[in-house]
């Protein structure tokens, strides 16, 4: 499967980059058909490929490709992780601290904002859910607005939020975490409301026969019953947190994978963008996997099926 | 400062009224279920207005709702143009393409197990790509028009939809499937008569999540290049011009559309999955 | 004494003077503790200063004057950039020769407050900006890079002499393949990268004094940067937290920026100011500003600051 | 029928009644209109008796049990438990309730489940441990304390849930179709065990069931109910001896009572 | 036990066997190792008979029924239905299957559920309508065609599911604990109805149950099974007449057969 994807990717590189490849060939003096770049602009990629099949050797090694070839991305990934840290002037080996040209350093920055936002969002989500489950007013008034809140394109507002937080003197990690928290609280609310309400009538009645108070019901019944729902939500929330952190890093060019992506895009370093992108997706996969691992551990400790 | 106190007072009053409305006897009525969130929203707006005025928050940081409303009213035709560009062309186009593609893929994945094993993990990985990274790439590939916005939306809605549809299609119980086997029903018949109806609650879950994703995708993609129209363009340009009233008006358009779209999906869901326990209340 | 400076864009040699002053201790010597906030896409320095997130910002004059007219009283206190680095860069092979041949083309423009010089140029040309036509152009909101030109999605894009133009050349395009329109040459240049503060603060003598020290130290930094472009570029690189800038690019940028700052000692030249205002007012039906601004600049600070040197 | 149904004749049996219901009435308000679940139910349950409630589905057995447990509030009539109202008795933790399904909390071990009411009622750690061990032995589950519910068979889970109800030594045990979900053989076995338990602990037990043989086998008194609205149609006192081997079910007296119960049920249905 | 268990003696009963199992064996491969669900099961089921399968939980009743239905593939032995393999018989739509729970599709009305097999098998619209009406009448649900499953009581749902299995007129009816979830009275009534239906339609019925009285009341033949691994321990032929009022359950022959079945079950358990 992976091989198939790589194959398709390599193949797709040819038509994606054909315009640039032919322009370069033309500058180098080869005869290209059609001859003018203006005429080529309006032609389909595949017909260009077909008409100039001899000139396509450069497709996989352009400096500013529209679509970099997999090995270019892989090389960039290597360069901006191991190579930079071990051999680079600012790498950890030479300077004693992580290099700001390495994705490890930027991944770390993004992760710290992700975690902070995730924690804030989760705590907020659980608190809201507990409130919603225990108070009908909160249920009736907050739930619809929680849905509305998610239709606001927060990602588009990120720069404004950051500026607003500047104005009350908050900078650095927290603005990013706020955006992360905003994106991650919603899945937690939805999942936890479901989870806290998941005990059936019989389980609740049992508590009533013991004459247990709301707090006891919460700690002894609702919270344990909601754990599977919590983890399902946490997996969504942590991925959302990561996106939030990256979004928060775009406008504030102070490091992080988001800043990396923008900078790469700014200077046309396509493979740098792709490397940061893959790194982000890999981090997301790792975080989700970690949450899943924690879930399995917790559920096992709670007597879940092995 | 007095305004701030007034704001807190109004908040208290709204809350008390809601408490009264939410009492068990009344909470069931349709009017109360509608009124409570509306009163909540209204108190938030009034508080916003009073606090912004009371604390003299600069207009360029946070304008009061009254000013937003005024800007909104005087720019209706421009906002309509943005709405058409971003929502009708970008978001809706991408939504339709993305959801249909996910549906077709789900059928394929369902039919051929080896595809599922390969495609779903890949899908999960791709779904983790942050849009802020993919959007500039897609703008580079598909140009500045609505097509690139639709592409971003497709990428955003495709995997949540796929995951939901695939989960939904396997939602049937062994007994329900065995019943079909006793009728010697074909794959197609089983799909049509059993698995699709059973999958509907999941599909609608996906559709609801995707409405907001589509909206956000279309707007954010405009930050990375657009024609001189569109909600994302408006938000970004107006921030630069310090016209915060217009920024919030554009956000308002997005929020209203998102809420309506979500509501519409929920309504259709209610209508089509009336049989599901969650809809029977 | 603390000063927070909000830059207009990401850390790069465009802002070398401030970083040099920081690195070489000029601010410290003046008794200032300066925080430099890099900008980024969709960070509006005007909004930051309005919210109180910065004491002084680097901004272009059109955006500052537009903000002033919209009720945000910004005042120019220094102008390290003498001339404009803005231009429109076009493919030659599509048949563009002069400004009048721009009609019916697709042009990439920066928005977010950076569109004002372009819009006044177009209105002076009598060119519409609402789609392709006899006497009008199609405008795209250009993203962060020069791809729209290289991919031929636009016939022309906005570039800065010190930055995007170099990137186009770096990507293998020969200068002969391009046609460029410098705003300076077209007579529509507007002042870029001035230092602006809130008007109300200027009535506070302590603030004014701090700004005098700040401007003086900053100009010291600029002059050092002009003389030592390579070292200045390296200093900028050290302050770039994204690690994305490259030596070659920053050195070239520093050399180009030095050309723009060369003519300025930091004081705003009232002639340049008049020309900018005239350009912005001359916008035909839709000018960027509608009336002559008043009190939009003060030379009091530069007078003091430069006298001190 | 407004007269109390004397489940026991106070003269022949000296045990005082612990549960006294008088003209109990309960109407549920639902979206489709009111449902009259209990009508004019009067009943005395003497101390130490084993009372079964039998009747067709929906006749109000569960509702009656829940009224006794203070989980439902009657809309009419009076009900006292040990001289208190049902709700006061609930607050005083006067009974253990066993539900139809075992209803163990899946995230707690068997021991943890049995400990649950003890934790809530504030028993000391040592006391908890001691009681858990005692009831586990009572229901023959010693050694399964650390297992989780899913690791036990249905019958064992049901025993654990009985142990949970016994742990805090309530005087009254209310059991709502506790063996409904089990197969006949396991059910037989648990029936024997419940009888033995009752013998040993001398508790008052109210037992809801669908099964005629089960009711006849277990009870000192069988309360037959009929639906729409739910009321008591017959109270049958069992002449069977206190000690009952399983074989008793083939005995003629047994079949005779079973027949009477079935006729009572049928009558209620056809009415 | 490798000899077929002659459920019917071919000489005294001229009906030809429709289902013939010979040394049937089935082992499930599970994560915890293989489970031997059926061992050496041999059986002849004559045309028109009513065969009950009874046995403790997990003894393989459902598995055997599923093998007959072609839903499970035996790992050994042979099985023919009407001379075909079980799978061919399934493809030929030779039987209606009634599951333990009603298993109606909640998105279809009662009529729609009954129509489901007819749509799949390509009956014409008119034919569908006619058949739905006919089976609805047969199970006494006329007038409920437009209702949805959750609007019906459990007993009514179960009858609808029987109607669904009857709609396409398969010769064989396989019923897996169809009344397991119902209360005794409703169950009695449905038992009477199933008997009447069997009488009227002359179908061959295989019926799985947990309840001894039910098995005895309904069947011409009772197959007693025992677990680990599941096999047949006894086949009891009923001397009861074809026509059976419910009262027959108090008759001595009935109690005698019931006793025999119980002994057979107990033996299988203790073994």
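Chains here go by letter, A, B, C, D and E, matching the order in which they are written, and residues are numbered from 1 within each.
Just so we're on the same page, a residue touches a chain if its C-beta (ideal position, glycine included) is under 8 Å from a C-beta of that chain, and two chains touch if they have at least 3 such contacts.
The structure displayed is predicted, hence computed values, not measured ones.
**Student:** Using the touch definition up top, find the fewest steps from chain A to chain B.
**Tutor:** Tracing touching chains, the least step count from chain A to chain B comes to 1.
**Student:** Over the chains that touch one another, what is the least number of steps taking chain C to chain D?
**Tutor:** Each step joins two touching chains, and the minimum needed here is 2.
**Student:** Which chain is the middle one, judged by CA centres?
**Tutor:** Closest chain centre to the overall C-alpha centroid: B.
**Student:** Quick one: which chain's Cα centre is the longest way from chain D's?
**Tutor:** C
**Student:** Taking contacts as defined above, which has more of them, B-C or A-C?
**Tutor:** Ranking B-C and A-C by C-beta contacts puts A-C first.
**Student:** Cα superposition of chain D onto chain E: how big is the rotation, rounded to the nearest 5°?
**Tutor:** About 175 degrees of rotation relates the two copies.
**Student:** Indicate the whole-number Å distance between the mean C-alpha point of chain D and the mean C-alpha point of chain E.
**Tutor:** Roughly 34 Å separates the two chain centres.
**Student:** Please work out the Cα centroid separation of chain B and chain E, and write it as a whole number of Å.
**Tutor:** 50
**Student:** So the centre of each chain is just the mean of its C-alpha atoms; given that, what is the distance between chain A and chain D in Å?
**Tutor:** Spacing between the chain centres: roughly 56 Å.
**Student:** Scan chain A for residues touching two or more other chains and write them down.
**Tutor:** Correct list: 66, 159-160, 163-164, 167, 250, 265.
**Student:** Which chain C residues sit where two or more other chains touch them?
**Tutor:** 41-42, 44, 47, 50-51, 143-144, 147, 151
**Student:** Give the residues of chain D that touch two or more other chains, as numbers and ranges in rising order.
**Tutor:** none
**Student:** Kindly provide every pair of chains that touch.
**Tutor:** Here the touching pairs of chains are A-B, A-C, A-D, B-C, B-E, D-E.
**Student:** Quick one: which bits of chain B touch chain E in the complex? Just the residue numbers, please.
**Tutor:** Touching chain E from chain B are residues 173, 175-176, 178-185, 189, 193-194, 197-198, 200, 273, 275-276, 280.
**Student:** What residues of chain E sit close enough to touch chain B in their complex?
**Tutor:** 66, 69-71, 90-93, 95-97, 99, 101, 103, 105-108, 116-117, 119-121, 148, 150
**Student:** Hey, which residues of chain B end up touching chain A in the complex?
**Tutor:** Residue list for chain B touching chain A: 15, 18-19, 21-22, 24, 27, 32-33, 36-37, 39-41, 44, 61-62, 117-119, 122, 124-126, 128-134, 136-137, 140-141, 212, 215-216, 219-220, 223-224, 231-232, 235-236, 239, 247, 251, 254-255, 257-259, 262.
**Student:** Looking at the complex, which residues from chain A come into contact with chain C?
**Tutor:** The touching residues are 19-20, 23-24, 27, 36-38, 41, 63-64, 66, 90, 99-102, 105-106, 158-160, 162-164, 166-167, 169, 171, 250-255, 259-260, 262-269, 272.
**Student:** Please output the residues of chain A touching chain B within their complex, sorted ascending.
**Tutor:** Those residues of chain A that touch chain B are 1, 4-5, 16, 66-67, 136-137, 140-145, 147-148, 150-157, 159-160, 163-164, 167, 239, 242-243, 246-247, 250, 258, 261, 265, 270, 273-274, 276-277, 280-281, 284-285, 288.
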